Structure formats: C-alpha cells, structure tokens
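The same chain A turns up in both complexes below, where it pairs with chain B and then with chain C.
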Partner chain A sequence: MQRGLGVLSAATAAWLTLGAAAEARTIYVSNEQGNTISIVDGDSLELVKEVEVGERPRGIVLSPDGKFLYICASENDTVQIMDTETLEILGELPSGPDPEVIVISPDGAKIYAANEDDNLVTVIDVASRSVDAEIPVGVEPEGMGISPDGKVVVNTSETTNMAHFIDVESHEITDNILVDQRPRVATFTADGAEVWVSSEIGGTVSVIDNGTRAIKHKIGFEIPGVPAESIQPVGVGVTSDRSKAFVALGPANRVAVVDAQTYEVKDYLLVGQRVWQLAFSPDEKFLYTTNGVSNDISVIDVDAEKVTKSVAVGSFPWGVAIKD
Partner chain B sequence: MSPAFLVIIWRSLIVVLAALLLEPSVAPAIAATGEEPDWPCVQRLVPEIAPAVIWAGPPVEPVDGAAGNPTIDELATELAARRVPIEEAEAQVENFAKSLTDEQKDEQLTRLFARTLEIINGDRSSIIQGIKKYARGQRTLAETITEKNERLSELPKEEVVARDTLIAERDWDIRIYDDRERSLTYLCEQPVLLEQRAFALARTIASHLE
Partner chain C sequence: MAARFRLEWLYGLATVVAISGLPGAAAPAAAQEGLPVSITYITQEEDKPRPLSLVDPVLTDEGLAGARQAIGENQTTGQFLKHDYTLNELIVPQDGDLVAAFKEALATGETLFVADVYGDQLLALADVPEAEGALIFNSRAPDDELRTEECRANTFHIFPSRAMKADALAQYLVWKQWFDWFLIHGTLEADLAFAAALERAAQKFNGNIVEKRAYEYTPTARRTDTGHVQIQRQIPILTQDAEDHDVVMVADESDVFGEYVPFRTWDPRPVVGTAGLVPIAWHRAHEQWGGTQMQNRFEQGQGRWMTERDYAAWLAVRSIGEAVTRTNSNEPPKLREYLRSPQFEIGAFKGEGLTFRTWNQQMRQPILLAAPRTLVSVSPQEGFLHQRTPLDSLGFDEPESNCRLE
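For the complex of A and B:
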C-alpha cells in the first residue's frame, strides 16, 4: 500500500514539476517617463510588449498568487490593478497622494503605500478597495519594507533620515532608527532577522537588527576612479539564505556584491546607467536591475556574480517584478 | 476722497499687482540641488564623465589629445559625433575590433574608448558652459524686467509717452525671457544625451575586449 502511494506521489510530483517548467517567466518593468509597463519574456529575455498605464508609474508589486500587478501611478495619485493574464487595468486602489513605493502583506490582503508629499503611510484594504488607515511618519516617506510574517512594516523618510518600524496591528510606530542621509529603500531578510536600509546621499547601507532594532553594521562603497558623490545606494536585495546581497549604486552604474554574513563588498558589477531598483527571480538564480538612464534592465547571474545581458525596455525604467 | 484720487490709487494698485503677478514668471528656475547658482537644470550638474563611471575594462591612460594614433582619433571623432546613429557607431567599432590582433585588442580598444570619451567630454563641457551662460543671461534679463516694473510704478500717470515706451520695452523683454525659458528643457537634456551616448559606446567597445 505504502509503496503504491509512493509511486503515485512520485508520478504526481513529476507531473507537477513538468507543469511548472512549462510556465513562462515574465519580467514586469515600470517606465517612469514612458508611462508604460514593459513585459519581458523571462526565458528568451525579449521585450514582448509595452502596456500603457497611468502617469509616472514607479513602484510595482505582484499579488502573492501572481494574478495581479499593482502599479503606483504617482501622478494620478492612485495604485492601478493590472490583470497579469490580459494585461488590462481592472481598477484602482485609493493610495493617497503621490504613491511611490508599495509593499503587500504575505496574504495579499493589505497594501501599504508611502505618500511622499503628505508624510503618510496609507494602509489599503485590497478586497474592499478602501483605506484602512493613514499613519503619519517622517518627512518625505519613500522606502517601504514588510517583514516576512507581515507583522512589521518599515518606512524610510528621506528628509528626516529615519527608518520607522510600524506595527501592522496597531498602526503605531514602535521604533525610529536614524540612518544616513536620504534613506531610499528598506528590505527585510527572508528570515526577518535584519532590515537593510540604503542611504542615497549618505552613500551607505545600514543593516538593522530586527530584534534589538539597532544598527549592527554600516556598509560603505568605494570604486576606484568613480567620484564618491556618484555612488548612491538605492535598491537592495538579499538572498533568502543570507549568503549574498546586491546593492544598486545609482549613477555609479554598478551593483555591489556583498557578503551578507561579513558585510564585506566582494565586487562591483557594471550594469546600465543610473541603476535604481532590483529584484530576484523566484528561484533566486537571477537578479534583474532597472537602469533609468540607459533605458534597459540588466540580468545578473547570482551564483556567478556576473552580468549576462541587458534588455532594452521603455523610457526611464524604475521598478521591476518577476513572475514564474 | 475725490473720485480722481481714488482713480489714482486704483491705477497704482493695478500696476503694483501686475508687477507682483509677473514676478513668478520672471523668477529664474531654481537648480534642484541649489549647489550651483548658475545651473538652471533639474538634472544634477555632472561637469565631466569620469572614465571609471562607464568603463570596467583595463585602466585608462591619460590621453594626449590626438597624438599617437590618427586611426583611433579619426574613429573616435566619428563615434562621438551625435549625427552618427548609434547602430552605425556600433558597426564601426566592430570593424575596428576585427582589424586588431588578439594581442592588440585590449590596449587599442581601451585607447579608442579613452579618446572617444575625451571628445565627448569636450562637447559636454562646451554645452555646460553654454547652459551656464544662458542662465546668467536669464538672471540679468529677469533683473532688468524687475527694474523696469519698479520704474513703471514710479512714473506718474501723466507721462503717457514715457509709460507706453517703458511698457513696450518691458513686455518685449518678458517675451524674450519666456521664449528662452521654453528652450530650457531641451538644453538641459543635451548633457544627459551625451552621457547616454558615452555609456552606449563604452559598452560596445568593452564587448570586444578579450
């Protein structure tokens, strides 16, 4: 009986794997100036389509089931909902004014948006398409991170130079951590142990211990021949096993490869111009970066730590999301 | 108060209001960073493209102008020229790379990159100086307009000819100022376009390195 079941489940597993391999990978890129989303085939790395969306699209995020792409249409003061099958805009979510970055809860029920001009974080209920709450934060909130368990949201305020830790239940700020100038991005590690915060003008990445809520390390960057003011850390991505991290360095046109255990910078990879945000493929074999000024995305082989290809997309690519 | 007196006050108010309303359009565009008073562009001022910012190949030796290699200099001039479409430039780089032996490749391609960047930086520098001069000109013009508005508010209403002349001059100045402001977006894009070209060329040249 047991052996029979074993064979059956092996066959099922094989069938499921075949099914998964047949599914195409899709890379979504928001183009800030082009007002479009570029659809790139993740296997052939070819630009398949440019879909017109709202004005000044920046932060984009997929629903956990991959059915929807949520797009911050900053100039329209709204978050658009795109059906990933049909590529049509189905509707909008009330985001508050000028949403730049959003994060989604692990269950897909809530979206948190940073409203740059109004110094707020807006909590959106996705199902009812309504606002749950508005949380006052520091000046010019931009970066948003959410813990893997969905219990904590971190927002960074650009002018106040802080990372605000927000309890998702009470909507209260529990901790304010001072970081270096102009914090842009806040990313949790997959185990929730650390929050990495990049400071664009300060030129550093602060690694915050999520338990003690204290900065445990600050990573600096130095590239021979590149002026210090060109090194502007923005997007940060850490592998799930916390072995490596990648940091986009803006006008330095490079991504730093960091040993996520020792926090040492191992290498700098030349990608495109004004590299801004980055995201891993679900299997973390590849990292995709958006290069605003060269109007393309770069593909990095995570294991080899090498840039393999650049793909031309729309005008001023900003955000990137990948679906298998 | 006599009606005549009220009319004087009313007309003076209109002149003052007009001057105030005109102020915003006359105020020079403020630089995004505020670090360079003569820089009118939203884009950050990057005076020069450092080779390392766009090149990860062999280190660039200081290039002594065109000295050393007329072939490279001629090709670099062609590549740098904005009128040459980037696809054509890429083809020319490929041809050049094919003409080199494996031993020559890295050194010659690095030199080509260095010379091309030098030319582009020269062009960019001229454009940047032009933009700064333009900004200074606009500032001076704005001051002239403000000064004319002040004089206008002081001129008695009886001086009809003087007032009309001054109004005509001021309006003409405003028109010139506004026309030039409209060119600002295009002008400010030029240094960035050259940066983009430099990066694309660097990438193409680097793709042929050993």
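For the complex of A and C:
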C-alpha cells in the first residue's frame, strides 16, 4: 500500500494552517507509455498538469515529508527525484538496472528497488545518492513491501514465484515463501502482522503471517461471466484497521473488496480497463486505482465501497501516490 | 558423446532458511539435504541449409540456448529450496546413434529429458523399454499424430502441434473475415503435413480453400548475386489465374520458396502460413505479459534473440523446475502426477498460466501471429468459445484425439 504522508510533524502541521486553504490533496500518476507523471488535483479531481519525466516511469513513492516524489524510470535504469513543489527533476538515485518498484523506509533514509532483469534488490542511501548493497533474490523481482517498523523488506520474484523476506540490517534473506504463479505485489498491514502477496497468473492473494512466516490464508476470486484467466490480482491495499482490503484484478477490470478479518470477498467494483495498482489517500477515505488500458484512474469511496469517479490521465497509467 | 555441464552457483547466500510456506505443510525439522535434479537435453546434429531469408542468423545452438537459460533460472529458484539443478547436454553427432546415446544416459541414471528431435526420433526414444520410468519433454516435433494416435505416457509435448498453429491462423483469418484461401504447398513431408493441418483448420473454422497448388522442390544455392530477377517472374507464374481468394496461404516448412512469395503474387493479397503472417510459439516482437523481461534476460544470457525452439526448450526445463519446486521431488512418477494435476500451471509470458491436456499431454498455450517485424495478434481469438478453456479451441480437443492417457 502506498502512503501519501507519514505522521505529520508539528512543524509541518503548523505550516499547513498558515493561510493555506483546506488540505490541498495531490494525486501523482506515472504513465508507463506516456513517459509522464500526471498531476491530478485531489479535491476537484481534475487533471492539472502532465510532467515529462524519464522513460517508462512505473513505481512511484513519496518521501515521508512529502517533499519529493521518487520515480522509477525503468528504461533509463534510474530513480528520478522530483520536487513536489516545483515539479522539477532534481537528480537521480542509482537504482541498478530496470527498476520497476521501490519502497522507502519510514524515516526516508533508504530506498529499496527491485531490478527485474538482474535478479537483485538494490539498497539505496538517499542522502548520499549511493548504493549500500545489492541483494540477490529470485528470478524477475518485482513486488516490494516494507514493514511499518522498517525492519523487514519483502520482495517477490515473478518467475521463481517466491516472497523473499529480507532483514534490513543484515541485508540477508531470512525466509522464502513459495506462492502461486507470478507474484507482483507484497504489502504489509499497518500493524505489521501480515503481508499480502498477489499472484497475477495464479489468480490468488496469499496472506502471510509475518510472525510464523507461513501462509495463513489464500484468497481466490470468482466473477460470474468473467473468465477465470482474466482475473489477475496485482495491487493490494489493506486499511490500517485491517477491516477491509482492496485487490486490483487486472483485465477483469474490477477491484475486489475483501473483508480483511475473514478474508471473504464481499464485492467486485467495476473500474477502468486492466486495473493494476492502487493507493489510499492518507485519511483512507478514498482509494485510487490506475487503469492502464483505459488511460484513467478510478476514485473509490472506501466506506461506501463504491466507485465515484474516473479521471483521464496519461498513456498507460501505472503507479499512483497521494499527498495531502 | 555426452558433455556434462555443471552450472556454478552464481550467488552465495550466507544463511538461507527454506520454509515450505504451504498451508498444511509441516515446516522441515532441519534444513534438508540437497535434492539433485539432472535434466538431459538431447538432440542430434544435422546439416541444415541456410535460412532462405538472408536476414535470419545461422544458429548453432538453437533449442540448447533455451535449455541453458532455463536451467540457470531453475538454479536461482533452487538455491532457496536446496534443489540442485544440472543440465546434461547430450548432442549426438550427425552420424551417431541417437537411441544408443539415449539408452546410455538412461543407464547412468538420467530420468528427465528435453528432446529437441523430430517426430520419428521422439517415438524411438519414448519406446525404449528402459524409458518407461523416465519423462521426455518434446520441445520440437509438431507432428499431429503424436497428439492423436501415437501418445506415450512418458512424453509431454511443449512445442505446439501443427494443428494448434493452423487453428490459430485460421481463427484470425475468420475474425478478419478473410474466408477464401489460396493454398500453395511444398512437396516434402513436413510441407504436406502442414498443408493437411490447414485444410483441417479450414473445415473446423469455416475457412474455404478455393485452390491448392504445389511448388516442386529443386535444390538451389541460397545466395547468388543476381537473386531476385528470376524469382520475380517465377512467383507470379506460380500464382496466376487462381480462384478468387482473400489470402495466399503458404505451407513451406522446408523453407524452400515461402519467403519469396510476399509482394510477388499475381493478385495483390496478404501472404499467410509459413511466410508473411506466421503462427509461432515465440517471436522477438512479443513483449506482452512481461515478455520484455524474458527477451531481455535471454539476450543477456545467450547473446542473441530467442527463437520458438529456444522458447520450447526453455519452457520444458522450466516446467520440470516448477514441478520439482512444488512437489519437492525429482522422481518421475511424482512429477508426472503433478504435471497432469489441476494444481500445475506455469507463467510463460502468454497472459495466463499454461497447463497440460490430460488426454495427450500437450501443453495448452496461446499462439502468436507474427509478421516479420511485429506481433499482429495472439490466438485464440475473441469469440471462439469453449466449455473448458478457449485454449482448447486450438489443436486436438479431447473428443478429437484418440489418446486417453492416464
């Protein structure tokens, strides 16, 4: 799950009350084919700007203080640093080749990148813009998740079909959990108790107990009239209170609403085409999904479990991050 | 002549604790002993004429490169589970005895084979009495008989059958509403076999072969300085005065004349079949469903583009790896049972997990439709329904095959 902002510091909160209007929410969307970041006004839900960035931008992540947006420019083999005020690219981080997904430590000091072509996770020190370590993982690494306490990073390998649990201090893999075919996303719950891993081709979401490091439940999906092979889970978001979870189902064009306590699927919400990633607003009132093939994002009211709006963005939207 | 090829472990990890992580499975009490998994890639050298297209590279390791790529990937996975993969490269010389070499390998304890061989060779291997307890994965032979009559319990087909390819093409042509086909075929056995598959596909999908002509084969040099002048006149004569047609369909598996047909036909028509728009299991232009990653790492690993024969060998070795990973076993009976079960599926950059047909052990798979430099479409086409899976609209569905493997 992507978080817009971490806990607001007192200073930042004070700044926000100074003459600023109501929280100005901004939604950032990376457009994989368009090579841009779409800037959407989170209140009016209007596309405000499209900013040209590097080639094949995919995973995007905000710094905890919201000042920077880190962008995986996959074809440029780099992570770009964008200033969220000026929308300018300030520089780059050495990510290793073909970074697809990144996660950032809760203190913003380290970024972990999955290098798809090289079977590596690269650990980047943000301040010095240098590489701390390269960690060998399984074949075709993609998904990245980080525990709320920042002590464990989980990477999924799409051809090896594992979730690799990596100790952040030692940079060593401590556990390898076999999941179903082509795991794309790994997401920790806010309390660090569970890691949810989606298997795109396997069609399931595995819920891994972070204590025992074993799969405690596997969620399957079934939609009347939709062929099973179209149901391809990718993005997963669990509310902080672990009451509900949302799973993007790819070419099934729907987001599944799951009871995160019983793991039962409650509903399927129709969004745009080929929905892959999703992220909550910081207050978790809204969920935003990227619909790659219809070139738009969908806005979901989390309490009502309804889709309220679609907003056209750039070409083949991929990642989404929200800042208040 | 066997060459044993042991892959070095590329990555050293200080501590790896492998947990099965499957619900209901007990965690192992202590780290297990390594499980050796030896896979033999067997093929026989042959004198092949140069490709008709002067742009196609002359390859010396086709198929083998795919197996090598996959064993590396299996080994990367295996290191987390203490499974140790090796690829035994059994390249039998042209004047050598393929069956004898195979028997020798069986005698040394090899049980898992990827056979990059022709159909008659495949049956010869499968029928060796000592091979009953082995598993052979066919990564090359497209013969339809192997899927309809001559099925073997120890043989799994990774490479698509001619019927699957013909059906894939036919579905696209029907989708385009190009119903009338003018079929020109070579006269060697493989050409006739593909022509027969195309005729069957026409019947199955309501295509209409309006006329059929043969191109007689005379061996010629592939390269001359003034190549085009004669061909330019020859092909129109070959194709003139045919019944009205929408496409010119070429069945030239022997690669004798097909590449010369596009843009030289009497009537201005698209060319399909073994030239022009080609049904194929893999193509460099394919980058959907994560295909980019496969293309990248094959090029990085093997130094050239992946062909469909490479892809089939890759998929064979990967299927074995997947079965070993999930069963924690290297024993053929256990692997065979798993491969045939509903639990088995493998991601192979085709947009859905691939599985085996239980009746003839053919791997179901989408088939690419490729023009020389681009991907045009992927079959099965939208609208072709099937009660089990649209993939079974390609090739021999259960009622269409006389095989009932168990």
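We adopt the following convention: the second predicted complex is superposed on the first by the 303 of 324 C-alpha atoms of A that agree within 3 Å, B and C clash if a C-alpha of one lies under 4 Å from a C-alpha of the other, contacts with A are read in each partner's own complex, and residues count from 1 in each chain.
Assume a contact is a pair of C-beta atoms (placed from the backbone, for glycine too) under 8 Å apart; a residue touches a chain by one contact, two chains touch by 3 or more.
Computed from a prediction, not measured in an experiment: that's the story for all the values here.
Three-chain overlay on chain A, with chain B and chain C in a clash. In the superposition on chain A, contact of A:I173 is made with chain C only, not with chain B.
Using the contact criterion defined above for the overlaid structures, shared-chain residue A:S294 touches chain B, although it does not reach chain C. Once the two complexes are overlaid on the shared chain, A:P64 sits clear of chain B and of chain C alike. Contact with chain B, but none with chain C, is seen for A:P224 once the two complexes are overlaid on the shared chain.
Which of chain B and chain C touches more residues of chain A: that partner is C. With both structures placed on the common chain, the touch criterion links A:Q181 to chain C but leaves chain B unconnected.
In the superposed pair of complexes, A:G211 makes contact with neither chain B nor chain C.
Mapped onto the common chain A, chain C and chain B collide along 253-261, the only clashing stretch among 253-261, 325-333 or 397-405. Where the contact sets of chain A with chain B and with chain C meet, they give residues 227.
The touching residues of chain B, counted against chain A in their complex, run 46, 50-56, 59, 192, 195-196, 199-200, 203.
Chain A makes touch with chain C in their complex at residues 98, 116-117, 119, 136, 138-140, 157-162, 164, 172-179, 181-182, 200-202, 208, 213-218, 227, 229. Looking at the complex, you find that chain C touches chain A at residues 10-11, 13-23, 27, 73, 76-77, 80-81, 290, 293, 296-297, 300, 318, 322, 325-326, 345-347, 351-353, 389-390. Partner chain B is touched in their complex by these residues of chain A: 223-227, 230, 251-254, 268, 270, 272-273, 293-294, 310.
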